[in-house]
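The same chain A turns up in both complexes below, where it pairs with chain B and then with chain C.
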Partner chain A sequence: MSSIERRQFDTLIIGAGGGGLRASLQLAEADLSVAVVSKVFPTRSHTVAAQGGMNAALANVLPDNWHWHMFDTVKGSDYLGDQDAIEYMCRAAPKAVYELEHFGVPFSRLDNGKIYQRAFGGQSQNFGGDQAARTCAAADRTGHAILHSLYQQNIRAKTHFFDEYFAVDLLKDGEGRVLGALVFNIHDGQIVIIEAKTTLIATGGAGQLFKTTTNALINTGDGLGMAMRAGIPLQDMEFFQFHPTGIAGRGMLITEGARGEGGYLVNGDGERLMERYAPKAKDLASRDVVSRAISIEIKEGRGCGPKKDHVLLKLDHLGEDVIQKRLPGIRQTCITFLGLDPAESPIPVFPTAHYTMGGIPTNRYGQVVVPVKDTPEEPVAGLYAAGECACVSVHGGNRLGGNSLLDILVFGRAAANHIIEYLKENKYHKVIDEDIVSNAVQRAKRFDLNSEPSPGGDEVKETVAVLRKELKQVMEDHCSVFRDKQFLIEGVDKVEQLCDRMKNVKIDDQSYTFNTAKVEAFELENLMACALATIHSALAREESRGAHSRIDFPDRDDKSWMRHSLYSFENGLDYKPVRTKPLSVESFPPKPRVY
Partner chain B sequence: MKFKIYRYNPETDTKPFVQQYELEGVEPGTMLLAALLRIKDEQDESLSFRRSCGEGVCGSDGMNINGVNGLACITSLDTLKQPVEIKPLPGLPVIRDLIIDMDQFYKQYRAVKPYLIVNDPMPEVELAQTPEQREKLDGLYECVLCACCSTSCPSFWWNPEKFLGPAALLQASRFIEDSRDQAFEERLADLEGPFKLFRCHTIMNCVNVCPKGLNPTKAIGRIKSKMVTRSL
Partner chain C sequence: MNSKSIIETKTNYRWQCRRGMLELDLLLNNFVDKKVDSLDEKQIQSFDMLLSYPDQALLDLLLGNSVSSDSEISKLVSQIRSTPLS
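What follows is the complex of A and B.
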């Protein structure tokens, strides 16, 4: 035991995407010692792939204010979003954008020198009026521009990075306090215990749950799995966003900005299909609405192509100049992967798994909160979460395009600010008991060949590749855009079987040096936990709200279901109320949601 | 389809060797990364390489493919001569198989102070920048730090400690060209001397391999001409 390296920091941040890096910058500038642990070099994090932009009511192009943004976000969430957190985020948005600009983000510009803003889905002026233009963009590479600028500022601030270290589990004491994490260096397999007064999980989403996904291979819900194993429930996991325009059959994202710039969807009859589903907003209705519309068109035989299995996104009428200036990244992606130029031909698209609305429950300060006796939201001492892995909840049942980059920046910063305050009151590291460390070390060796055989003894050896493939297929088949009871029951059964088989995974590669096979085993274990939470929560929620569409319960049921789901290994499902009271303005009561 | 892949695990191999793999049923339009993932999943879990986004944005899967550096995820197998020969990016130490130690590359990136420097007090809104000023950053800011360029550059191979290499110099140019940056003089002064910048012999390997279609040689030329103007 004594040979295991221990390091001490004020704060440990797990994950180096936009949320983690915004927080680390804030903390490093407050003169605190910060360790950022990331399984990939920071600029490889999935924030880099965000395309269209970041919402903030700057009113650079059309009239706007944060209150309209708040209305759109609450409506977009299908009234499952917490209105205190949403008010906080929308008010903080302009400042978050200006800060980024000051960090060096190369935003596209208007003739007057201000930041360019484009129209995006679900945006309106004046509480449901005309289309707004709220999304600040750096061409269609906004995430890349933001992530690189944040990393660069962290270089300036001399943040301490543990690049290519994998975080396995949180270290939690008997009183429920989080004291850091066990990580290992992917380069040489050596375990390091990082002791921290505060730990921020910023590990992103779990888009690898599905067979076809816009998400990077690293998006395996590691922080969510870690939280569940530490006894923390996951919130609203049944709400998974399917982006209307992934490249059909392949999954690469085509930004909503393509429709924001004037592109539109057509079906097999050459009809502009969204005119029927959203007469006013048309192609810029919320993502859940557009994804359902495409699925229905295809199901009813109005798809495109020989198999009628996709629809087309038409951009050629925008002209090559606009496409090259505003959408150069997706143009290149189409040329690379489809051999077609969207300036000349339409793009085949299909709703594709994209974003985890659910996650680790937090309040608007980024503190992780769990139910304790009669209190639904009791902070877990020392533990924070921000970004896609967290559920604040600002996205509720459906996230608006452009609110994801906003979420990570606003709440990465808010969590850091709360940590700074918390550390004033909690000046010293708690001593970590040896048995907590030795248990964690034991568990970190669970994929080593010489570890204890799992109970049962003579079971077959399972492989990561086979189980992962099956899991992604089950989730795609049983928990996609449209769901119903029978299919979900079968899905729950299949996921539980896969979780059982996961216990028999053995890996042959036992090297210490850059063992990606072992990393993939840990990742799959995290995905399994996410799948379990997602499909159980989906089966239980007998209504349709946001991205969760039940064929057998087609209506929203505010009386029974305007509440957040919580799923944990220990207690299964539990629920807590939506926070409908904003900070300073009137609450937006639930209304029928039309676009 | 046949592949010949460089293998090396320092724990078990005294020296690197080439391993052959064969894949059946590779569909047209398949990218090299998809083939490597299939080999890892179906035949050999020990084959090691970095990968993430799968669409050429994260810069993880730079490798040497039939003698040319590129990103596996956006290199179509249709364009490759068989057997496809895959090696790690050249010029940096190999950790294992196709995974190189990129510390030197990142060190040089950090050496050019790759962050916006503004000395004046910040306004409460954005710093103004015209579309024309912003356009000067196009072709510079899109770099994904994959290292395909620097590891294809003979000047970088010979003087990795002294010559900053095309990727870092592209970043230097990105900030020198930014109308908001106020460290222009300092940035140019930092690049003085025979090695850091001037070891570039315009061999242009960097331009030929950049998976994002960027032109580090041109960026280096822009810096050089600014230095000349400044010294007049």
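What follows is the complex of A and C.
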């Protein structure tokens, strides 16, 4: 074992998007030693793609306060969000924006010099009244500005980066403590054992589960798979957000900001369809509402185009100047990928997989929590999660636009603050038994050609490319915007078969230099775990809530289902209550969600 | 390039073309799949340079929001944009 490199840090952070980098900055500034492991160069993380902006009740454009923001988030979550975490996030939002400003994020400005705020779906004044304008943006490149500012600040604070290293598995001792992770260098295949007193998973979402997605190729749910293999259940994985306006057939996102600026959807009859589904909020209704509306229009034969398989997003009435000034990115996206200019023609759109609401269960301090005997939320010693991979749960059944950048910044920071306190009580590294290391090293070879066939696997060799394609198609066909029992049962069966076949994946490429085939095998294994949790949870939840829409159970059922799903390899499905009690204000009781 | 170095270059490029945005993933990987074998040394240098740009700058170039002052980069960008997407 002597040839395996071992490194020690106070904190290991897996993932270098906004959540990971906000946490690492807080920790590095507290003079702790922090390692950030990222499979791609940090500024190539998916945060860079967040176009829209970040919600905070600054009231710069229209009256606003955090309590209205909280109401909208609870309602948007379809009452599945935990109200203590939501209150915490909404109260912390203005401070999070000012901090970013301080780090150098160039927010767009109003003429009076204050930060510009745009209207986004699901935002209201006065608990469900008129439209609010709550989203702070740096033009249409807010995520890019945030990620680059945080990266620069981390370099200044001397965070240690392991760029282009892939984290395979967490290291866990017999008492359930997490002591770091096994990672390898993608350039040369060298394994490194990173020993850490605390580990934060911040690996983002799993959008690559679906064939049509807005997500970059890197979004393979690595942290989620890693957590499941460490015996941690995944929470609320049946709630996957489909963004209503993806470019039809390609998946690329047309930001909600386009509707915020006055764009609207029309069906094949030329009708403004959202007036029927959401008379008040219209095109700015919550994402799940708009996605379902588009799906219904198409299903009932009112789609556009020769195949009637999409609807149109109209922007041309806004005029070239507004489009060029406020939405330059989407204009060029349309010209490049569709060959049309939205200043002249409407954009063909269709719902596209966008955001993983579920994830690794945490409390509002970012601690990973699991059920132990009668306690539904017992912290796992040394383990934290933040951002899209975590389920804290502020988004519940459906995330509002502008709340994801807020989530990563608020809970990245909160997790770091809790880690700082935890490390005051836990000053020393725990000794990692050689057995734990040698098992982890052995397991890291599971896709090597010369490794033993996995138990339960047979001798037929499978390839990553084939299995990945099949998985994405199965998830799209069986677990998309609309779901029903028969379809889900078939889907569960197919996903389980794919998981079995995954055991027979062996990699031909045995080289150590840029062995991306090996990385792709680990990524697919992570996606398989996510798929299993998602489709099992979706089959079991016999109601429609937020993004989870069952044709056979069209109504929300608060009596039976106002609870969080938990799915693990070991125990299958389990449930825990929603935290309906906020920190300082009255609970928002469940009401019909009308926009 | 000999066949080994082509494979190495391709896998290396495949990782460098893993970006934070789906748009870049599609345009860059499509180009690597279809055209990278036929690039000469000068074009390879330009491609390396292009891949070192931040995602947003790369997106602006590849979507035509901005134009590079380096004529080699500019030519390469046109080539990437004109490679039909499968």
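Rule of thumb we're sticking to: the second predicted complex is superposed on the first by the 591 of 595 C-alpha atoms of A that agree within 3 Å, B and C clash if a C-alpha of one lies under 4 Å from a C-alpha of the other, contacts with A are read in each partner's own complex, and residues count from 1 in each chain.
The working rule: contacts are C-beta pairs under 8 Å (C-beta built on N, C-alpha and C of every residue); 3 or more make two chains touch, one makes a residue touch a chain.
From a predicted model like this one, the values you see are computed outputs, not experimental measurements.
After superposition on chain A, the partners chain B and chain C are seen to clash. When the shared chain is aligned, no partner comes close enough to touch A:356: not chain B, not chain C.
By the touch criterion defined above, A:526 lies against neither chain B nor chain C after alignment on the C-alpha atoms of chain A.
Once chain A of one complex is fitted onto chain A of the other, the partner contacts of A:155 are limited to chain B, with no touch recorded for chain C. Counting residues of chain A touched by each partner, chain B versus chain C, the larger count belongs to B.
Residue contacts after overlaying the shared chain place A:335 against chain C, while chain B stays out of touching range.
Of the two partner chains placed by superposition, only chain B is touched by A:108; chain C is not. In the superposed model, A:218 makes contact with both chain B and chain C. Once chain A of one complex is fitted onto chain A of the other, the partner contacts of A:11 are absent, as it touches neither chain B nor chain C. In the superposition on chain A, A:514 makes contact with both chain B and chain C. Within the superposed arrangement, the part of chain B that overlaps chain C, taken from 56-64, 110-118, 164-172 or 182-190, is 56-64. Across the two superposed structures, the residue set of chain A contacted by chain B and also by chain C is 40, 43-46, 48-49, 141, 144, 148, 216-218, 252, 329, 332-333, 336-337, 509, 513-517. Listed in rising order, the residues of chain B touching chain A in the complex are 9-12, 29, 31, 40-42, 45-46, 48-60, 74, 76, 95-97, 99, 102, 106, 110, 113-116, 118, 122, 124-131, 133-134, 137, 141-142, 144-145, 175, 178, 180, 213. Listing the residues of chain C that touch chain A in their complex gives 8, 11-12, 14-15, 18-27, 29, 54-56, 59, 62-65, 81, 85.
Of all residues in chain A, only 40-41, 43-46, 48-49, 97-98, 101-104, 106-115, 138, 141, 144-145, 148-149, 152-153, 155-156, 187, 216-218, 252, 329, 332-333, 336-337, 339, 463-465, 469, 507-509, 511-517 touch chain B in the complex they form. Note for the complex: chain A touches chain C at residues 39-40, 43-49, 141, 144, 147-148, 164, 186, 213-218, 250-253, 328-329, 332-333, 335-337, 509, 513-517, 519.
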